[in-house]
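Across the two complexes that follow, chain A remains constant while its partner is chain B and subsequently chain C.
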Partner chain A sequence: MVDRKRIYGPENTSLIITEKKQVSFTKRERPLDNIRPLYFDLGTIPQASGSAFIEAGSMKIICAVYGPKQISKNQGVLNCDFKFAPFSRLERRGYAKDEQEKDFSLVLEQALTPAIQLENLPKSKLDLYVTVLESDGTFASLAGAITCASLALANAGIAMYDLVTGCSAGFIDNVSGLDLTEDEEYMAEGNLLTNKALL
Partner chain B sequence: MKVIPGQVLSAADKFKAGEGTFEKDGFIYSSLLGAKEIQDNNTIAVTTQVLAVPFVGSVVIGKVSKITSKHAIVQIIMVNNKKSLNYTGTILKKDIRKTNVDQLEIYKCYRPGDVVRCLVTSIGDGKNFVLSTAGDKFGVVLAVSVSGYTMVPVAWDQMVCPHTGNIEFRKCAKPE
Partner chain C sequence: MLILKPASHADDMEVDRKEEIVTPGQVITKDLAFMRGHGTFTLNEQLVASVAGKIERVNKLVSVKPLKTRFNGEIGDVVVGRIAELGNKRWRVDIQGRQEATLLLSSINLPGGVQRRKNEADEMEMRSFFAEGDMLSAEVQAFFGDGGCSLHTRSFKYGKLRNGCLVVAPSALIKRSKSHFISLSCGVDVVLGLNGYIWVQKHVFISPEMQNQPEGLYINENDEISMEEREAISRVCNIITALVNHKQMIYETIIVFMYENSLEYQPVELLSADLQKSLIDSAISQLEAAE
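What follows is the complex of A and B.
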């Protein structure tokens, strides 16, 4: 069934296929142990309780926190929602959440929950929505989302034990480097994501 | 001074950990993004503009939204003199006053629209917080009469309309 509400192109069109650039760390502009320079903004979304925007290279992530809202469960609950915007990469993504995005939502929740003082939020829930506006590296986006979400929670005035930061790393030809871009990630043999609260 | 969550504020032997902070391994850390304050020369606190969350023991001010023969539903608007939204509580019939509980009628104590001061006694099993107005300082603080004028308390269970002189029944809070 065709979705009539969305405008697709004419029937005889096809996607532009671009060749993946073959890169290695030798062409990397920054040192292996450096991440892309960061830009933060707090309170980007005025109607949310707290929000944050993070930009690193061409990667752009926005996060909004709504709540605390009342629920019947006695202990505080954090609901995380991670989504790549359909236009976030050269290859178009679906509107509905796919398996990878569901998995990333779970990782985000596991990364943030221990840092929040949920015992100080009885009968409350927090709704956290992360949207990747422009992605440059899937794992780098998730790492950025963790940092961005933790900033949005701080902006919402939620009591936390610490800010949480995320960082991604990968291997190319047995050499490891931090914060891989999409082209580098395509070449990488393995990827790693780490997140840390300082306490 | 602006601080971020997880920032060390002081050693724990110099100050006491106040609001918006926590103590761990001999240090006081901030748990909020806000301004550092020293209260009463010995307590360190972090303040920020956030909506308060009710706890057991908090004094809350709320608006009665609905009454039934068994309970009154209250929309909480303030918790310990701080703004709070999104929370509701229930005053059960047995918690309205301390004495003569089996003879009271809820419609003679609260009406929808009344502003009441109550105590949070439990976070409750269901959706709502459990509130109590048993005690002198808890009860109706502001009520509007049938003819639409703000009433004046004349006894612990009566209020009078200044315009018509009609007496209406309310469980009044003792003025502070």
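What follows is the complex of A and C.
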């Protein structure tokens, strides 16, 4: 199915990619137990019920919450949508959601649902859309998305038990560190994502 | 005197008493003497905030007023709504709340007398009363178990709205007062719906005889509105928009003061932010002087 609205390049193209930097934790400027400095902005999307923007290093993530809106089911429902923008990384991503983004959407839902007082929102649904505008580390993006989504929900005035934060970590050469960037993730032997509410 | 000390989880740092803003999950107090109100919940014998907002304390009742929230009504509230769809012997009304409100067929005045019994013909002709998109004013009669409200228009002052214009405000800015039907001296009526929908219309005089013969309840045509009346309506709309933009509480007195102060300007000039600010400041100082 050819998408007539988009202009595709020539069929045989090759991407110009610079060589990946060889990084190790011992040479990292930021201390191993430090995350990148954070910047938040609330109410970034005025037409949404609540919205938030997070920036950490070069990573930029935006989140919008719409709702509560009426549905026919008796329980309250949270629908999460996670998407890397096509221009968010060095290599262009597709417009359609791929497996990883579908998986991350589920992770978002699992992270946020316990924190929202859904029993106070019967017959209502909340739609949450996270868009990663610029990505510097896949798991760091997911962690930032969780934090950004909590802020957007708080901005929308939705009753919650607590704010949920996310953080990523990984191993390089048997040394562990927090908040890996794209280059560090490439070198890492293992990656971890954690999210916590302070209950 | 009991002092409320918002304390954070991580450390025992005392927060300055002036900072009463809390975020979800923040502990408000460990003192069990307080009762919990809206926006709070108890956890491990502590009172914790569930929304982001300002702490409000009235004697022993502690609640958190969220910075942004949907309309939460009480029984007896006057609301302005828009018909969203027709259902089984009822209408669903959009009132900017979490759920759409319900207006039952048995809760409206039928043409031909208030006491007339409903029959099947009425059900078929529901659209001749209220169709999708119509604006109406109503009162909250009751709540369903899931939190949705049931409206009624059983008094003559409620019903279909016409001859006017809608202004949308956050529901938190509408001040609760004795009457939400305001008549301004310039021939403009304002219906301040507590849900944030405000209807500004041309004043229509209703004689006592008309009240007993409600045939004209559901007509869909506007009356003649002259240029001066249109100008007055748009002036009041712009004043209310100014109050919304500056997050001011909206009620009769401030609208009256601002209207008088704005007469020297054209309605379109009232859309400029600087002029809005100066009009609001002068109205507030007038209000303070009057107290």
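Here is the rule we go by: the second predicted complex is superposed on the first by the 191 of 199 C-alpha atoms of A that agree within 3 Å, B and C clash if a C-alpha of one lies under 4 Å from a C-alpha of the other, contacts with A are read in each partner's own complex, and residues count from 1 in each chain.
Criterion: a residue touches a chain if its C-beta (ideal position, glycine included) is under 8 Å from a C-beta of that chain, and two chains touch if they have at least 3 such contacts.
Every value quoted in this text rests on a predicted model; they were computed, and no experiment measured them.
Chemist: In the superposition on chain A, see if there is space for chain B and chain C together, and answer fit or clash.
Modeler: Once both complexes are aligned on chain A, chain B and chain C clash.
Chemist: Touching A:7 in the superposition: chain B (first), chain C (second), both, neither?
Modeler: neither
Chemist: Check the residue A:15 against both partner chains and state whether it touches chain B (first), chain C (second), both, or neither.
Modeler: In the superposition, A:15 touches no partner, neither chain B nor chain C.
Chemist: Considering only touches as defined above, state whether A:96 meets chain B (first), chain C (second), both or neither.
Modeler: In the superposed model, A:96 contacts neither chain B nor chain C.
Chemist: Should A:72 be classified as contacting the first partner (chain B), the second (chain C), both, or neither?
Modeler: first
Chemist: Quick check on my understanding: which residues of chain A belong to both its chain B contact set and its chain C contact set?
Modeler: Residues common to the chain A contacts of chain C and of chain B are 49, 68, 70, 74, 117, 121-124, 154-163, 197-199, listed in rising order.
Chemist: Would you mind writing out the residues of chain C in touch with chain A in their complex?
Modeler: Residues 9, 23-25, 39, 41, 43, 48, 50-53, 66-70, 98-100, 146-148 of chain C touch chain A in their complex.
Chemist: What residues on chain A touch chain B, complex-wise?
Modeler: 49, 67-72, 74, 117, 120-124, 154-163, 197-199
Chemist: Going by the contact rule set out above, which residues of chain B touch chain A in the complex?
Modeler: Counting only chain B, the residues touching chain A are 4-6, 20, 22, 24, 29, 31-34, 48-51, 53-55, 86-88, 123-124, 126-127, 129.
Chemist: Help me check something: in the complex, which residues belonging to chain A touch chain C?
Modeler: Counting only chain A, the residues touching chain C are 49-50, 68, 70, 74, 115, 117, 121-124, 154-163, 197-199.
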